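Letters are used for the chains, namely A, B, C and D, taken in the order the chains are written, and counting of residues starts over at 1 for each.
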Amino acid sequence: MMAHIPVMLVLIPLLTALALPAVNWMMPRLTQIFLKSALLFNLALAVLAMRHVVTEGPWHYWLGNWAPPYGIEFVVDAMSGTVVLVAATMAYVIALYARSFFRLDEAGLQARTLFYVLFTLMATGVIGVALAGDIFTLYVFIEIASISAYGVVAMGGGRAAFAAFRYLILGTVAATFYLLGIGLIFAMTGTLNMAQLSELLPPLMGSPAILASLCFLMLGLGTKTALVPLHAWLPDAHTYGPTPAIAFLATALLKVFSYAIYRFMYQVFGGHAQPVTAMALQILGWLAAAGILYGSVMAIAQKDFRRMLAYSTIAQISYIPLGIAIGTPAALAGAALQVISHSMTKGCLFMIKGGMHLKLHTTDIGALRGMSAIMPLSSFALAISAFSMIGLPPTSGFFVKWQLVRGASEAGFGWMVGVLVLSGLLNAVYFFRILENVYIRKPEQGGHAAESHGNLPAAGPELPLPMLAAMLILVVGILAAGIGSGWLTENVFSLIDLAGGGIQ
Amino acid sequence: MTMDVFMGTRPLWAVLVSILAALLILASRNKPNLREFWTIAAALVKIGIVYSMLPAILRGETLSCRPLVLSPGIELFFRVDAAGMLFAALASALWLLTAIFSIGYMRSLHEENQTGYYASFALCLSATMGIAFAGNLLTFFIFFEMLTLATYPLVVHERNEEALKAGRQYLTYTLISGQLTLIGIVLVYLTAGQGDFMPGGFMSGMADAPVLALIFLLLLAGPAVKAGMMPFHGWLPAAMVAPTPVSALLHAVAVVKAGCFGILRIIGYVFDPKLLLEIGAAKPLALLSGITIVTASLIAMTRPNLKQRLAYSTIGQLSYIVLGAALGTSSALIGSLYHLFAHGIMKITLFFTAGAIYTKTHDLDIRRLSGLGRTMPLTFCAYTFCALGIAGMPLAAGFISKWNLLLGASESGQWGYAVILIISGLLACSYLLPVAYSAFRGERDPEMSHIDGEPNRWTLLPLLITSIAALILGIYPDAFGHFYSLARIAADNILTGTY
Amino acid sequence: MKSTPSSIILEVACRLIIPVLIVFGVYVLVHGEYSPGGGFQAGVVLALAVILKRVMDPADTKKSYWTYKIIALAGMGPVIYMLTGLWSIPFGGNFLEYGLLPLPVHEAERHLYGILFIEVGVTVGVMATIISIFDSLGKVGDPDDRGNLL
Amino acid sequence: MTAAIFFSYVIFWLIALLYVCGFFGMMEHSHLVKKLMAMNLMQTAVILFFLVLGQKIGGVTPISVPGLTDLDAYVNPLPQALMLTAIVVNLSTTGIALAFLIVIKKHWNTLDESEIMRRMDT
């Protein structure tokens, strides 16, 4: 059993997702228990897989015992293990949150089992992308994750359906770009396995076909990651989709495409050792930097908390491509830490957003006055996540910034240091504006918060326990990932394989 | 065994104890007595832990512990040395007094949001301990930023527009400068490969002079803003909207002193006073602090509000410390380190008296305080004594530091600074003493006729203790915690380059 | 409630065609290993049989319990696939290693049976999916339908 | 033979044309169904691209023909197998997109993108 963990990591959520309608039909009471125990079990397996990677190195699994060039291979290494662990954690925590959320949100989503099915499928896709050892399997899992994501976003109603349609169109065009890219690679080399490609490609790097495929892959994965200027789908989808879905989409799903960029850049195209790839990485760095600044500036301009979070996601997600583009071990460690840190932070913020929506009936920033009096624990979670977003110690966000700044200055990218620092300050502008409203300003007489204070549901002013528990797990995680970041960097992120393509 | 572990990790516990206290305070927010008990208890425990390390430091040893790895090759590193001990002992002792004062002050004014106040206060103290004991730049920076964060709720405590504006200003100054310091720290790790504080510094020869000067400038940004150096002082008077105990502890002890302490650490333990001369950074720094001293004193004279006046006085006095560090001779360093401590004791007394007066009058306009000295003799005696101390009168603690600074200025041959110090003393007399004079000799303002006596004893007790302490220290500079010896050991460390 | 068929010609034709479709579907399924065919095609053919029945008797579509069952069934198809893959694990194989399935036949034939099980799963999945799409489309515009299936 | 080489290149140009047609169709039309159809054109172009990659002149379908044991006589089966998966992906994307269109039509009572965008803002 233990030897099959890599494939189990994909199979368990897949099996859960597909069996869920049957379970719900025959034993409706067991649905939630079934879902949560499966996700918890998967989380435990992810931890075991990570431990295996740390103690014994990368883990290869051949489906049907067919050797790689012919068969499908799953690989768990330091980076994919991290992504899998994050995805499994977020899936469990959000499942914990979602049930209470939907219970309170009576007017909202009705097709709940369908939601859980799509949600778990999305988790399957994310974990599959992380584990895939060949570029076509990667495509299949990307599409599993994306299609479920379109469906889940559309569950938020009429506006969400339109946002999801645009997301679908752009996402599918991105997928065709991706397919074209791997088609060109396949035409040049005759293989799809990443390990084999990394040996066959270097002599071919100068050819126009490979250059074109690099461009197509960058465009495809860049759109899915919401790299500026390919981010057009993101703000609407994040604003109108149902909260638990967006909490997973913004955290685990977006990360996995950055992770795919890392896999291609370093383990297929040879990283900074190849002049063409080095150029691509440089462009990636510029785009990421532009994304960081654009997202932060746009976030300041928003009046709605949901939209602000959406733009903040664009900014924060770009930290990962930035770390990948820099390409020193410290920067890659920063990118990997950002995968963990941003997932927990943004997940927590979206959960709080959902809570505000349920309790205060608004997500308008100006109407959050006095929230700390009504929802003290949620406000506390909000404060900690905001600090992590800004990058203040001892939260994990600070250590991300530290590693990235360190990496950028080691590699001689002084301007990136400036971008990172500026981004932290811009984040401070919009998050402290919210904290001021939540903690310091008193609700105006007859204002929104005061009004809804009167209409609070009988369940009590604070959110129900499972929702709070989910948020507080993430808050503890943010602090733990900050304090433990040194340990993580030394023991896990130091194993990230740059395949000789990094900057020393 | 457990005892040994505890003894070995005392610096860590000194930091953690008030974080724990903050959590307990938040947990018992509905029980004011229990909440304040936690504050006092944590303060006592902290004093116990800090002072238990004193004998070893006085023997010239250092205590260190590395509980955690922060980043490859960089640990969360605490090292207690003479300079850190000086700062930690000062902050922990004054926390206890401020806690007692706060209880009296907050209760008599029926302030809101007291739980958040006490919790943030405790967090501030943790951050201060962390800054005092930090053994490397990253650890220092982490606690430095924590201090910024923990202070913010205190600055905006009043929850009104003015407080919000002050809070924004405070964050703007400190966060921006903090980020610059972060870049500086990264550059230090990049050029020197390490960032552990060493007496006499470790940066010499690591890069060319212009690069070193740039790094120094970046590193200095954060501490200089916190210390209220002149072009960056705007937040400090604005932050005086906070309740008086906050101004007392934070703007006399924790925050601004953390800035000064940071400057001392950077000058003495990352760079070296001699290296600064070589790269041409010492003279501009000294000049800047000289200008700050005079200008701040001149501005102070124009402010009618007592707290504002004290704020500008603080800005001026803090630059003594920077000046001493920039001069870099033995006496100057001793004076600078001792001033860190002496100014803390005296300025906190002044703020305590301001707070005590405020609990009675609800007004701090100095024109309306005249005649009150006859009703509140103890309070105003304490005020007068410490005002003279700030000016540098013999028999008060301020004299010791100023004397050493004067010696230092003459040792280094820069007589101009000696003149500035003396002028500053005269200016201090001219803006602090008129308050005392009119209080004892002036006509009572008719609106203040209802004032019947001294403030309540919880507010009176701490300020009497600190003013008596200032007197004793002026006579025996080594009293209470061998602070003078600590300053001397630290200065020796910096100049000899070894612990 | 017995509803009337739309026309007698349709009814007679369907009665003749549906059994043939089912038999043909099974043929396509089991022959997929050697010749064009397999799970996808078999699934479509089988689904067609059910859809024809629906066309013949529209009232059948309205029975709402069908949607629950059919979607659960659509999920169970891939579950059969995965269980087949997992079946080899207790016998020392990797996921989907049919050569180690505990069947009393030659290894090459074990591969064949392994594929067959998988094709059965695919057939069930495809069939149920197509039927559920047909059912949902039949409900668009239905005032009783809230647009939510589960 | 030159004709064969010529046509072997022309097919790629035709595929590129199809792809670009899809792209421009998507940019040009504001009707959502037309956008979807344009998207399908792009997907089809990519599928054709893969199939042509595995094609060879005179090759037969990769299903065992009795008596034909020469491996070179068959076309490469891998692209075909891959495209089978890609077609399933396309099918599900199109299906889910159509479902969205039904919801959009119900909610907005129009399928015109610019109209919906205008109403989203207000």
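One rule holds for everything that comes next: a residue touches a chain if its C-beta (ideal position, glycine included) is under 8 Å from a C-beta of that chain, and two chains touch if they have at least 3 such contacts.
Model, not experiment: these values are computed from the prediction.
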Quiz item: Quick check: more C-beta contact pairs in A-B or C-D?
Solution: A-B
Practice problem: Give, as an integer number of Å, the spacing between the C-alpha centres of subunit C and subunit B. | Solution: 78
Quiz prompt | Centroid distance [mean C-alpha coordinates] between subunit B and subunit A, Å | solution = 43
Quiz item: So what's the Cα centroid distance for subunit C and subunit D, whole Å?
Solution: 26
Exercise. Determine the centre-to-centre distance between subunit A and subunit C, using the mean Cα coordinates as centres, and give it in whole Å.
Key: 36
Quiz prompt | Per-residue overlap in subunit D, given as positions that touch at least 2 other chains | solution = 103, 106
Quiz item: Can you name every chain pair that touches?
Solution: A-B, A-C, A-D, C-D
Self-check item: subunit A residues touching subunit C - in the complex, by the definition given at the top
Solution: 1, 4, 7, 11, 14-15, 17-22, 24-26, 61-65, 110-114, 117
Exercise. Under the touch definition given earlier, write down the residues of subunit C that touch subunit A in their complex.
Key: 68-69, 71-76, 78-79, 82, 85-86, 89, 93-99, 146, 148-150
Quiz prompt | subunit B-facing residues of subunit A, complex | solution = 330, 333, 387, 390, 392-394, 398-399, 401-403, 405-406, 409-410, 417, 421, 424-425, 428, 432, 436, 439-442, 483, 485-487, 489-490, 494
Quiz item: In their complex, what parts of subunit D are in touch with subunit C?
Solution: 63-64, 95, 102-103, 106
Quiz item: Contact residues on subunit B for subunit A in the complex?
Solution: 68-72, 74-76, 138, 141-143, 145-146, 148-149, 153, 156, 159, 163-164, 167-168, 171, 175-176, 179-180, 182-183, 186-187, 189-190
